[in-house]
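Down below are the structures I want you to see.
Consider the two complexes below, in which chain A is the common component and chain B and chain C are the respective partners.
And now, the complex of A and B:
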């Protein structure tokens, strides 16, 4: 007899991955917009957080649109963290789109198209849907079928709420849709008055004991309150880009399959702008200018910058937040030098927030927060050693060491990361400075070695 | 004026606004229940064969011709629909006032006027995804 092989089933618990800025929950400001030293995952950078808070309030009140903010500072000084903090504090209702400067270089669409789409993703439109519905618990359904088998069926439906009960006469169509939905006594249903569409919300709690055998998916709901015939209002928030997409889809079927939309014609955008403005004038829509965050903005080239200049002047423009870690450098696509690699005319429109390097105390705090986030326990001495490493090399390198040291510690079945663990990972993984040092010493033995190469052109 | 007096006044104001909202809601419920009873009567009249029907006014039954009765009820229905709409409009303002008194933010998109059915149909294809 052949042995059947039982397939091995292994349950993999889904591991929540921890991102570099997952500990940020807001800007860490109090009600008077004064920054707290340590709050909501933010440490230090008091002046820049206070500045970001002012901008945040203006965005919330809808006072600024079509403005731009630049967060500038050395690498590892919390630029992205501040942008994430702004995003978190804005709440789910304000659209926030984040992209990296290099994302616009794609083969599928032109650079300006990618930027336009990002701009339109960051603008929300709030609209309202209003429907008249009949909502109630089914007390009884009575359907009379004609004896001949053919001909119109007639019936009665009794519905109730906590306040009232009434009988509806049923026509042929309603009877069909009721039996299609398998509605029975005890169900809570809604009937859309305009379309006659019936939807089942669940079974009433009062009927919970009718049967013992009940599917696990049976949902129990309360008997509806108040009047039977209600008006339901639903407010939706959609982005301009989403409206663009449905309207450009009717033209091309290609977009349906790829999920990616490709380029959207400018006529479609203009039509939509006109429609949305019409809605706004009729009081049917509110426009919510959101936030577009472009990280590594020095990766944009001259064309993009002039596009940004123009796009910021449009009346449907979000708040643009950019971040860069460059000093005076070449503007991409030209031979001109400019601060932050951004042309002077655009720079002139920006509010600039500067971030400064963290102090030793702040570094220590950040490392502590990251340890909590990554679930690694650190002994006091190890914490001090790690802080020194963070000060001498970089904050990012020290943060990398947390999780690796945690692994080494678990390997030796320890519960708390000790100085030895830190030392071990410090010797295993090189930081940037030591790696360069190593290169300089041994570059003769590497391949394609060019000894007199100047330093990397980073623009 | 001392503090407790002011607190008391403020609380009274809030309670009054809340009571206002609740009573409007109750009125709407009562009107809807009348509307439903009228609707039931109309559907009975449609199937009924007799020439004249007995209509109850207060504690008295009066025999009236069917056509006349139907007309009367229909007029009442229209009146009820109008009144319910009035209450709905009023309720919005009252809820806003209550929220303001309690220091709650105004509901988002509360004062928007709704899209027409055609427009909603177009936008709905978006929500289904």
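And now, the complex of A and C:
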């Protein structure tokens, strides 16, 4: 029995990959917006977290449109982490769009189009729509896997109400989500016919007497009545951009000839703005202003900045959060120097949150959190050594060493990372400072070093 | 008068006619953006197909929804197979009218006639098909009567069962018969291009 179960388990449990900021679960503030020293994956940066908390409240209220915030600080001081923290605390219903400054440079789309699309992705509209749902009690669920182990699975699902019974054919996606939800005979479920979203309502009363191990939270419900398929009004959130896309498709046979350039006409946008305002006045829809986060904002050029100036004045504009690690530098597309590489007139509209470098104690704390996240056990001495490395080189480099040291430790069949493991990976992988040093020393033996000679300057 | 309003809606709609394949095809575009398409047999003047299409709240064009005639089986049905769809062995309801009555055929119902009970539910304005073995249940509206706001009458309803098919008939009331005749007269006046392409204005 156990052997037959193995492939099924592999189907269901997806391995979540660990990203650079997957330990962030919120901003780590208490109800009075006071930051806790260590909470929800956040360490230190008390002042900037508190500032971010104030911004968060402003976003949650949703009354103020078109405010912009800049998070500025040295590399590796938690700018993106703060933005992620805001995203996590907003919850799934508020749109949060994250992009990097360099994403807008594309050959298929103009820069301003890419920016307007990003702006409109960050505005949600909550609206009622009618969808077709299937609601019934599961009589039988049958999934056939091909004997070879590869290929499409075939499934059948029999559902009933008090009045009728219907057999459904299942697609691959549906089979996966049914097994993920652990749907079995006797469950009462609803399925959204268009999207295939399943929700379990509970177990049928007729199955209540079955001897079965079930959790205390199992709910018993009546078997649904009448027809299996019903039309129901559901409330859901779509972004303005999604409405744009739906309405900008060329209709009829002309769609065959027009390639999808990805650009949306401004007339379409205006029509939709008018329509959404109309819905809002009639009480049919609700506008949820979200957050647009632009990382590495110094990568934007002059045209984008002047577009932002204008776009922030629209009343259908989200709260804009930007992050940069530059000091006084050239504004892209001009020869002017400016703080953060952002023109002064835009800077004037921003609230600026500064992040400061971490102290040794904070670095140690962050490393500890990352060790837990990456499932690596560190001995006390190794932890101290790693903190030193983090202070002297960079926090990012120290974080990189965690999982590599973990691997080295596992290869020598150890359970806890020791100082030797850290030393070993420290000698294997160079940090930025040592690498630069090495370059300087061995400059001459690298390829293409002759480009430095003045003879190549003729071009 | 209520009957008037539907005829008015029909009158003010933009109609395009086309004669093709021995069928008179008419496309209606209503003022609220809904579209209706009808096909009549040229010889018998019977309604073969009537389908509807309307825009969703967000503005997306939905698929054609068949009110009368064979359901569409196009490439779009196989596209949905990623998710969920009815097995082909399930009962299938389609409407196919005759001159004097609305008629619904439900295929794939291999049960004896005694199992079925068909009744009119005046409060919900619908016809209900029930089975005593709890295998099939269907509620459906008589859309033509709804549009003209005419009452439903139990005595006009009858049903029969043969070849795994349940046939439910509802006698068309006088008002509908006269309306249909008038409409047909009107439609015949419409200049449909014979066989071939509709004039397509080049831009």
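In the analysis below, the second predicted complex is superposed on the first by the 318 of 459 C-alpha atoms of A that agree within 3 Å, B and C clash if a C-alpha of one lies under 4 Å from a C-alpha of the other, contacts with A are read in each partner's own complex, and residues count from 1 in each chain.
By our rule, a contact is a pair of C-beta atoms (placed from the backbone, for glycine too) under 8 Å apart; a residue touches a chain by one contact, two chains touch by 3 or more.
Owing to the predicted nature of the structure, the values given are computational and were not obtained by experimental measurement.
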Which superposed partner A:164 touches (first chain B, second chain C, both, neither): both
First (chain B), second (chain C), both or neither touched by A:233: first
Touched chain A residues, chain B compared with chain C: C
Touching partner for A:174 - first (chain B), second (chain C), both, neither: second
Contacts of A:126 with chain B and chain C, given as first, second, both or neither: first
First (chain B), second (chain C), both or neither touched by A:392: neither
Contacts of A:193 with chain B and chain C, given as first, second, both or neither: second
Chain B versus chain C as contact partner of A:286, first or second or both or neither: first
Which superposed partner A:93 touches (first chain B, second chain C, both, neither): first
First, second, both or neither for A:108, with chain B first and chain C second: neither
Residues of chain A that lie at the interface with chain B and also at the interface with chain C: 127-130, 163-164, 166-167, 169, 194, 226-227, 238, 242-243, 246, 284
Chain C contact footprint on chain A (complex, rising order): 127-130, 134, 156-157, 160-174, 191, 193-196, 226-227, 238, 242-243, 246-247, 251, 272, 275, 284
Chain C - residues contacting chain A, complex: 56-61, 80-87, 89-90, 130-131, 134-139
Chain A to chain B touching residues, read off their complex: 93, 126-130, 163-164, 166-167, 169, 194, 226-229, 231, 233, 235-236, 238, 242-243, 246, 279, 282-286
Residue ranges of chain B touching chain A (in the complex, touch as defined): 25, 28-29, 31-33, 35-37, 39-40, 43, 88, 108-115, 117, 119-120, 122-123, 125-127
